[in-house]
Amino acid sequence: MDIMKKDLLEICNLSTSEIDDLITLAKDIIKNPDKYREHCKNKKIATLFYEPSTRTRFSFESAMLDLGGTVVGFSSPTECSVAKGESVADTARTVECFADIIAIRHFKEGAAYVAATNVDIPVINAGDGGHHHPTQTLADLLTIYTEKKTFENLTIGLCGDLKYGRTVHSLVSAMKRYKGTKFYFISPTKLKMPEHVMTALENCNIEHIETAYLEEAMPELDVLYMTRIQRERFSNQAEYIKLKGTYILDSPKLEFAKEDLCIMHPLPRVDEIAVEVDADPRAAYFRQVKNGKFIRMALIIKLLEATNTERPYITDATEFAPTVIKCRNTRCISSIEQGLTPLFIKAKTGYRCIYCDCKAR
Amino acid sequence: MDIMKKDLLEICNLSTSEIDDLITLAKDIIKNPDKYREHCKNKKIATLFYEPSTRTRFSFESAMLDLGGTVVGFSSPTECSVAKGESVADTARTVECFADIIAIRHFKEGAAYVAATNVDIPVINAGDGGHHHPTQTLADLLTIYTEKKTFENLTIGLCGDLKYGRTVHSLVSAMKRYKGTKFYFISPTKLKMPEHVMTALENCNIEHIETAYLEEAMPELDVLYMTRIQRERFSNQAEYIKLKGTYILDSPKLEFAKEDLCIMHPLPRVDEIAVEVDADPRAAYFRQVKNGKFIRMALIIKLLEATNTERPYITDATEFAPTVIKCRNTRCISSIEQGLTPLFIKAKTGYRCIYCDCKAR
Amino acid sequence: MDIMKKDLLEICNLSTSEIDDLITLAKDIIKNPDKYREHCKNKKIATLFYEPSTRTRFSFESAMLDLGGTVVGFSSPTECSVAKGESVADTARTVECFADIIAIRHFKEGAAYVAATNVDIPVINAGDGGHHHPTQTLADLLTIYTEKKTFENLTIGLCGDLKYGRTVHSLVSAMKRYKGTKFYFISPTKLKMPEHVMTALENCNIEHIETAYLEEAMPELDVLYMTRIQRERFSNQAEYIKLKGTYILDSPKLEFAKEDLCIMHPLPRVDEIAVEVDADPRAAYFRQVKNGKFIRMALIIKLLEATNTERPYITDATEFAPTVIKCRNTRCISSIEQGLTPLFIKAKTGYRCIYCDCKAR
């Protein structure tokens, strides 16, 4: 198989069979690490982290090092030319002169898209604001597969902040492709799964149950995916404190769980999983970190082999709105990027920004 | 040939034949990269960036990695021992214990000189304030050569801030060595090429024309070197805004240019070259970035092979002024470096500081 | 021999014979560097520097690179996930997924201990606040050995801030193990060697002389270990200024020193050793830096070979005080680490915190 696109910007860029291929390759890397130790010799990854993330950066860098390649990078905006006002596009084109593949993390939505459209080498989105983080989803999928040995007939509980958590949205959209998936959405009312995710599930006839009570879902779950509830989401602090405890996973709550439950978390955690749970063999979240490295090794291999080097998506100019429209999303890369043409793609209900996916207003 | 000096502190450290040798070597590296992949095996470069510069740092680091060497470094003052008050001299001597060659960038003029005089390993000046940046000039020269296939009989336009731009001064001083060079200096009156550069050209009978109008020079040019005009240079903001547009390179202005014009820029740009120009095959500025890596590979090879390990220049003590004189340039490294002896060298019109080249007052 | 423990948290973790083995190995590395160039191929060190330290970080990183291994790391808190509130324990467990050995520097006492108790891979304490810094002591010991060719019958002068200087305390505790060691403690009264160090020496019958005058001790010394006197230690600035000069090492003071004196300093220095002394062949402080790299190479080799993978020290639960006690030392890692169980070990005069060694109150 070929990776169809030269880049990985969001999980939807990958077909089910491409995901399966990545997981197969990752499993082979886990089994035969020596086979891959020189695989990317003389190749370089550039890790452009406009926002610090130790875990994700180390994961990409050690993935490349374990393939025999090398690394150049920056790990925070204070180290790079951002201060001098260089655009993401120019930085990407500069870095293309030095590296063979780019992993970019940025605080603005659509930054990875901008990088990808400006270079011929593969670009991996390592997180663009609250928008996409596809390698996290790949790590999640590899973890589910290695822990449960299948993607089929799994009951998956997603717990915590389901409204803003990008990892849970991506995971739902990836897992709904498999036979027999059933979801429990466990969250306070204020942080419920957004309407568009629910509608998508209904359209595919995927079973999903909403509840405010973790205990209620627990006995049914094959996988429990925990996320953090951020204090900032609540204007009423008393309500926050009241609710918080309900969504903390501790040993008593696990008493009613299946013996082979798989507990996941994208990390870092603050206190949403009690430290006592770490010793439970069902706690898979540090194995999940390790899987993150292996799936990134597979991804780097596949993207460097990809023969389709077409830059992303500006395929049909007639779909674009008049460029006089400006995206009003302040988290969009178009709000800061010099010389960026505003582009909108026609969607069912109007136009949406090609960078951040927000509706044009 | 041997590099005469162990260090590269300013472009004048190199003779024309040494520059030619570097360019010949760089061209061979471009042609046969595999030949050099292990050339610096077991060698380490230390990148000491007291001031962030993604492009320059990545260029040095990927140069060393592509030669099979490795890297230690810091990329901003927050990461290093500056806060603890360590002198550049002590840092350099410490780093000498770990690395085989140093690339140093510092916000103070003369910092690379201080490092070079304190260690036996080669030191490359990767920019010391507004003072010198010789590897940028080498990258510029390699670009002119690879784009034009010759250094002779070229008409070179330099556009923008010619008063403060160190890269243009170095480029003029390097290019004036070649037969048939002709310069156009294109700038607002306030930002004209300084007197000493003009005098040097007149002394050598090099043709040079000053103009305020880019359009006027355009049809004559083989090379157009763009630089940025900084808003801070103008006290009158209305004047700045009026002038600015005149010096922005866009497609209409290029209509009158030669078919084989070579457009260069040291980057990062802000808006002095319109993004539309990037698609023009004459736009050489990203190729210039790539050339920067290749010439740095050549330089690293040559400096590590250099047999002259003499520390720079304190050859004749009688030339120095009494040490009671203190350099008054606040941008000079002597303004912050602990334990540094003030040194002045006798020049035609008095003494000048050996670190920053400023006249002693 | 085996390193008994999987980690090096403080110099007391090593027996005299283990130190001797490390020094023997370091000497072999110095003699035959090529023999070790691939020794750690496919191994990775993670350098977790929550506090910047160019020298120590470069030393660990170049040690690993010179063994053929690779590096992932961060060099200041702005680059890592500290801002997101991740605990040291979680960071260490995450990093364990990517690396084979950890070197951690942290501003809080006991941070390396927390890391070590949470992972199976070796952890090296690269400095935890003012607490421990065992690889500095190893570098000091290797320097004494390579300069003096013996550890026996040496008269060692320690000069400067003996009250707060952790390196001098560790060096005393390491050197007192050898036959014929004699100490001169040279400091202002306010910064005298603490009582517990003096008592320990008296219990072992080790000769030690206290003096306020460097000149007095000078003629006797085989080794002079200089440290910095920090201005902050004095409430009375006039007293500080009066005293300061007495403890600055310059050429005149060295006139009365032995011909083969070995002058050491942990660096960075500010002005406690005059720059003129650097040219004196007895100045060993930059050789000391180089020895730091070699001993770290030896340490990395030994720890990666260690077969005892037991996590540190929580061997006898009955020794611990009720967990209701909280450590009151604001420099203790327990003051900021989420989910850390307070632990106290029974000492002669009450309980002491297992992380920072402070007495429980």
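Per-chain numbering from 1; labels A, B and C assigned in written order.
Here is the rule we use: contacts are C-beta pairs under 8 Å (C-beta built on N, C-alpha and C of every residue); 3 or more make two chains touch, one makes a residue touch a chain.
Quick caveat: nothing in here was measured; it's all calculated off a predicted structure.
Two copies of one chain, subunit A and subunit B, form a contact in which under half of the residue numbers belong to both partners. Rounded to a multiple of 5, the Cα-based rotation taking subunit A onto subunit C is 120 degrees. Centroids of subunit A and subunit B (each the mean of its C-alpha atoms) stand 41 Å apart.
Of all residues in subunit B, those touching 2 or more other chains are 78-79, listed in ascending order.
On the side of subunit A, the complex with subunit B involves touching residues 42, 44, 46, 70, 72, 74, 78-81, 83-86, 89-91, 93-99, 338-339. Looking at the complex, you find that subunit A touches subunit C at residues 37, 52-55, 58-59, 61-62, 65-66, 75-76, 78-79, 267-271, 274-275, 278, 286, 289-290, 292-293.
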